[in-house]
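Right after this note come the structures.
Note that chain A is present in both complexes that follow, paired respectively with chain B and with chain C.
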Partner chain A sequence: MFAIASMNGIVIGVIYALSALGVSLVVGIMNVVNFAHGEFYILAGYFSYLFATALGMNLLAAMTLAVAIVFVFGLLVEYTLIRPTYGDDLYSLILTFILSIVLQNAYLLIFGPYPNKPPGWVRGATDIFGLFMYGNQRLAALVAGTCVIVFVFAMIKLTWFGRIIRATSQDRGMAELNGVNTTRLNMLSFGLGCALAAAAGVILAPVFPVTPTAGVPVALTAFVVVVLGGMGSLRGCIVGGLTLGLVENLGAAYLSTGYKHVFGFIILILVLAIRPSGLFGHKEA
Partner chain B sequence: MSQGASILKSNRKNFLYGAGLAAFAVLPWMLGVYNQHVLIVCLFYTMMAASWNLIAGYTGQISFGHAAFAGIGAYVSGILAVKAGLNPWVGVAAGTVAAAFFGLLVGLLCLRMGGIYLSLTTLGFSEILHIIINNEYEITRGTMGLQVPGLTTSYSKISYFYIFLVGAVITLTIVYKLVHSNVGLNFRAVQNDERAASALGVDVVRTRLLAFTVSSALAGMAGALFGHYMMLITPHIPSLDQQFLVLSMTVIGGLGSFVGPVIGAFCLEILSEYIRAWGEYHVLVFGLVALVVARFAPKGLVGIYKAWRGKKRPETA
Partner chain C sequence: MLEVSNIDVYRGETQVLWDISLEVAAGERVAILGSNGAGKSSLMGAIAGILPPAGGKINFKGETISGRKAYEVTRFGIALVPEGRRVYKEMSVRENLEMGGYVSRKQRRIDQGMEQVFALFPVLRDRRHQAGGTLSGGEQQMLAIGRALMSRPELLLIDELSLGLAPRITKEIYQAISGLELETTVLLVEQNVEMALSHSQRAYIMESGRITRSGRSETLMADDDIRRAYLGL
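Coming up: the complex of A and B.
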C-alpha cells in the first residue's frame, strides 16, 4: 500500500506543481492571485473532451488547441478585467473570484453537472518493479507533466523572455527602467499562468473527469502549494507540489480518504504558523 | 456650514432614518406570507453583507470565509439545540461566540501576512468546513440537512421578521459605531496606507484582527438566526455560492459605504425571487452584473448615485 500510495502521490504531485507554477508565476510578476485558476484548468479539460470526442480530432491536436484557446482567453481576461486594477489588489481578488463563480455556472449550463472525460491516451497497465500494476494513463500523465515543467524551467532559466520574467519579479521598477514593457509582460504572464492551468487540465482530465466545480479543490491545492513553496518561488512549487501530493495520498491511504484535502489545509496552517514566507520565499512577502 | 445647521441637518437625517425604519417595521402586516419570507431573507442578507463590508470595505481585507462563519454559527447553534436540547437562543449566542473564536484563530494565523493570505486561508477554511460537514454525517446529517427547532414556540413569519429586523439593526449599529470611532479611523488609515498608519502608532495587525473577529461574529449570529428560521441547516449556508451572493450584494450596492450593502442585499434578493421563475440562471446573471459593476463602477450603486448628484450640484459636492 505504501508503494502505490507514494506512486499516486508523485503523479498527482507533479500535476499540483504544474498547476501551482501558473499561480506562482502570476503572483511573482503581477502580485495578483487568480482565483479563477481552477476554472481555467476545467475549461481546458472540457475543450479537450469536446475536440477529441465530439469533433473526433487527433488527441494531441485537441490538447494543444485546448491549451492555446485557454491561453488566448487568459490574455483577454487580463486585458479586460485585471489590467484596470493594477495597484489595487482588492479588486483583482474580487474580480477573479466573481469570474470563477460565473465560469462554474456557465459550465453547469453548457455541459451539465455530469462528469466528462476525454479519451485516454494509452491503455493497459505496467508492472512497476514487480511491486504493483500501475495504469499506463497515469504514467503518461506523469511523463507529460514532467516534460511541461522542464520546458517551463528551461524557458525561464535559458531564454531572453525568461530573463525578462525573472528581472520583473525581482524588481519591477528597475526592469521598467531597462526597457521592459511590463504591461505587455503582465498580459503574457497571466495568459501563460492560465495556459499552465490548462496544461494540467488536459493532462489530468483523462484520469480525473471534469465537472463544473471540480476546479475548486485543484485551485485550492495550487494555492496551498504556492504558500508552502513561498509566494513567487518556482522551485518552491516543485517541492511543495510533490510534498502535498505525497502527504495527501499517504494520509488518504493510512488515515482517512474523506479527509484527503484536509491534510493540505493542515499543511497550510502549519506553514502560516511556523514559517509564513514558505520554504523558498523571501523574508518580506 | 455652521455648527448649528449641521446639528439640525443630522437631527433631520436621524429623524428620516427613524421614520423609514418605523415604516419598514409595519410593512409585513400588509404583505402575504411569501413576501414576508422575502423580507426576512433580505434582512438576513443585510446582516451578512453589512458585516462582510466591515472587513472588506473598511479595512480592505477580502475574506472568502464569511458564509463559512455563518455556517459555523448555524451548525453550532443547531447541533446544541438538537443534541444537547439547549434553548435555541442560548444556541444563537454560542454560535456567535464560536464564529468569533474561529475568526480570531484564522485572523491570528494569517493577518500579519496581509492581503492575499487572508483570502487564500479563508477560501481553504470554507472548503474544509464543507468536507467536515459532509463527512461527519452522524452529527451534521450532511447534505440531507439538520432539522432544528425554531426560535419561537408558535411559528409565525411576523415574529421572525421582527427578530431579523432587530438582528439587522444590531449589526448595522455595531458596524456604524465601530467605523465612526477611533478604531474606525484606524481601519481607514490601515486601508489607505499601511506603512504610514503603522509609523503613526496604529497597530495594523490588531486593527485588522479586531475588524475580522467582529465581522465573523456577526456572520455567525446571522447564520444561527437563519438556521433556526429555516428549521433546516444544510451545507448550502456555508457554501461558496452563498459567499458569492454576499460579495456581489456588497459590491453592487457599494463597497465601503454604510448603506451600500443594505441596498445591495435588498435589490439582489428581491431580483433573485423574480429571476427564479426562469430557472437556475440567477447566480450566472448576478455574476455577470457584479463583474461589470466591479470593473466599471467599483463604488457600486452608491458611488453611481454620488457621482450623479455631484454632477448635478457641483457647488455642494
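Coming up: the complex of A and C.
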C-alpha cells in the first residue's frame, strides 16, 4: 500500500508542480494571481477532447493545438483584462475571479455538466518492480509532466527569454534599463503561465475527466503549492508539488480518504509556521 | 551630444525638477553635485526614460529621447548605473553582465564585452560564477558599472558611485573609469564633491530641483562658496 500510494503521490505531485509553475511564473513577474488558472487547465482538457474525439485528430496534434490555443487565449486575456490594471493588483484579482466564473458557466452551457474524457494515450498496466500493477496512462502522464517541467527549467536557465524572466522578477525597473520591454514580457509570461496550466490539463484529462467546475480544486492546489514552495520560486513549485502529492496520497491511504485535501492544508500551515515565506521563498515576499 | 532643455519633472503629484537645462558634449566627463533630495537621481531618471518630463525636451545625438520608454532609451546608447547599484542578486556575475548585453544579444559581442569588463575589474573574473548578491559593496558597484558598459553605451550615467564605499575602493573605481576609452561620455552624480570635481571637466550644482551654478570643475574646486558649502573647508 505504501508503494502504490507513493507512486500516486509522485504522479499527481508532478502535475501539481506543473500547474503551480504557471501560477508562480506570473506571480514572480507580474505580481498577479490568476484566479482563472484552473479554468485554463479545463479549457485545454475540453479542446483536446473535442479535437481528438469529435474531429478525430491525432492525439499529439490535438494536445499541442489545445495548448497553443490556450496560450493565445492567455495573451488576449492579458492584453484586454490584466494590462489596464497594472499598478493595482487587487483589480486583476477580481477580474480573473470573474473570468473564472464566466468560463465555468460557458463550459456548462456548451459541454453540459457531464465529465468529458479525451481518449487515453496507452492501454494496460505495467508491473512495477514486482510490487504492484500501475496504469500505463498514469505512467505516461508522469513522463510527459516531467518532460514539460525539464523543458521549462532548461528554458529558464539557458535562453535569453529565461534570463529576462529571472531578471525581471528580481528587479523589473533594472531589467527595463537593460532594454527589456517588460510590457511585452508580461503578456508572454501570462500566456506561458496559461499554457502550463493547459499542459497539465491535457496530460491529466485522460486520467481525471474534465467537468465545468473541475478547475476550482486544480487552481486551489496550485495556489497551495506556490505558497508552500515560496511565492515566485520555481524550484519551490517542484518540491512543493511533490510534497503535497505525497502527503495527500499517503494520508489518504493510511488515515482517511475523506480528509485527503485537509492533509495538504495541514502541511501548508506547518511549513508556514516554521518558514513564513515558504520553502524557497524570500524573507520579504 | 546630450541636450536637456528646460525640463520639468514630477514624482506623482509633486514637482521635483524645475526648468533644468544642461549639455554634455561627446567625450566629456560632467558631474552633477547637490545635497540630499536636490533632484540628482530624478534628473538621471528623466534622461534614462524612467521619469518622463512633463515639460521641456531631451535630445541625444540630434534625436528626441524624452517621452521614450527606458528600454528604448537604452537602445539609443545610453546606460544608467542606478543609485544603489541594483545588481541582480540571484543571478551570477556572468549572467548580470549578459543582461547588460541584452540590447545586442550577439554572443560574440557579449564575449568581447565581458573580456573588456574583466580587464577593467579583474576581481569580477574571479567571481564570475558567484551570485551577484554575495559580492561586497565595492564589487557590486564594479558589477553595476560593468553591466552598464556591456551595452557599449556612448553615454554612461552613474548615480552615486561612492555611496557606502570605503574611500580606497571609491578611488580604485574612479581610476578604472578614468581609463575608459575616450568615446564613452560620462555624466556622473556624486555627493563626494572632491572626487567628482577631480574626475570631471565640468560640473552643475543642483539645489532643490533647480540648477543653481555650473562651470569648469577646476574653477568650482577653487571657489570659496563651494569649498565652504560642500567641502567643509
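Criterion: the second predicted complex is superposed on the first by the 283 of 285 C-alpha atoms of A that agree within 3 Å, B and C clash if a C-alpha of one lies under 4 Å from a C-alpha of the other, contacts with A are read in each partner's own complex, and residues count from 1 in each chain.
The rule we apply is simple: contacts are C-beta pairs under 8 Å (C-beta built on N, C-alpha and C of every residue); 3 or more make two chains touch, one makes a residue touch a chain.
If you're wondering where the values come from, they're calculated on a predicted model, not measured in any experiment.
When both complexes are superposed on chain A, chain B and chain C fit side by side without a clash.
Of the two partner chains placed around the shared chain by superposition, chain B is the only one that A:105 touches, whereas chain C remains out of contact. In the superposition on chain A, A:272 makes contact with chain B only, not with chain C. Residue contacts after overlaying the shared chain place A:170 against chain C, while chain B stays out of touching range. Once the two complexes are laid over each other on the shared chain, residue contacts for A:119 go to neither chain B nor chain C. In the superposed model, B is the one of chain B and chain C that contacts more residues of chain A. In the superposed model, the angle subtended at the C-alpha centre of chain A by the C-alpha centres of chain B and chain C comes to 90 degrees, rounded to the nearest 10. Judged by the touch definition given at the top, the superposed model places A:81 against chain B, while chain C stays out of reach. Of all Cα pairs linking chain B with chain C in the superposition, the shortest spans 13 Å. Applying the stated touch rule to the two superposed structures, the chain B and chain C interfaces on chain A have no residue in common.
On the side of chain A, the complex with chain B involves touching residues 27, 33, 35, 80-81, 84, 89-91, 93-95, 97-99, 101-102, 105-106, 108-109, 216-217, 220, 223-224, 227, 231, 256, 258-259, 261-262, 264-265, 268-269, 272-273, 276, 285.
Those residues of chain B that touch chain A in the shared complex are 56, 60, 62, 64, 109-110, 112-113, 115-117, 119-121, 123-125, 127-128, 131-132, 134-135, 240-241, 244, 247-248, 251, 280-281, 283-284, 287-288, 290-291, 294-295, 298. Those residues of chain C that touch chain A in the shared complex are 48, 50, 69-71, 74-75, 79-80, 82, 86, 88-91, 95, 98-100, 102-103, 105, 147, 151. Those residues of chain A that touch chain C in the shared complex are 160, 163-164, 166-167, 170-171, 173-182.
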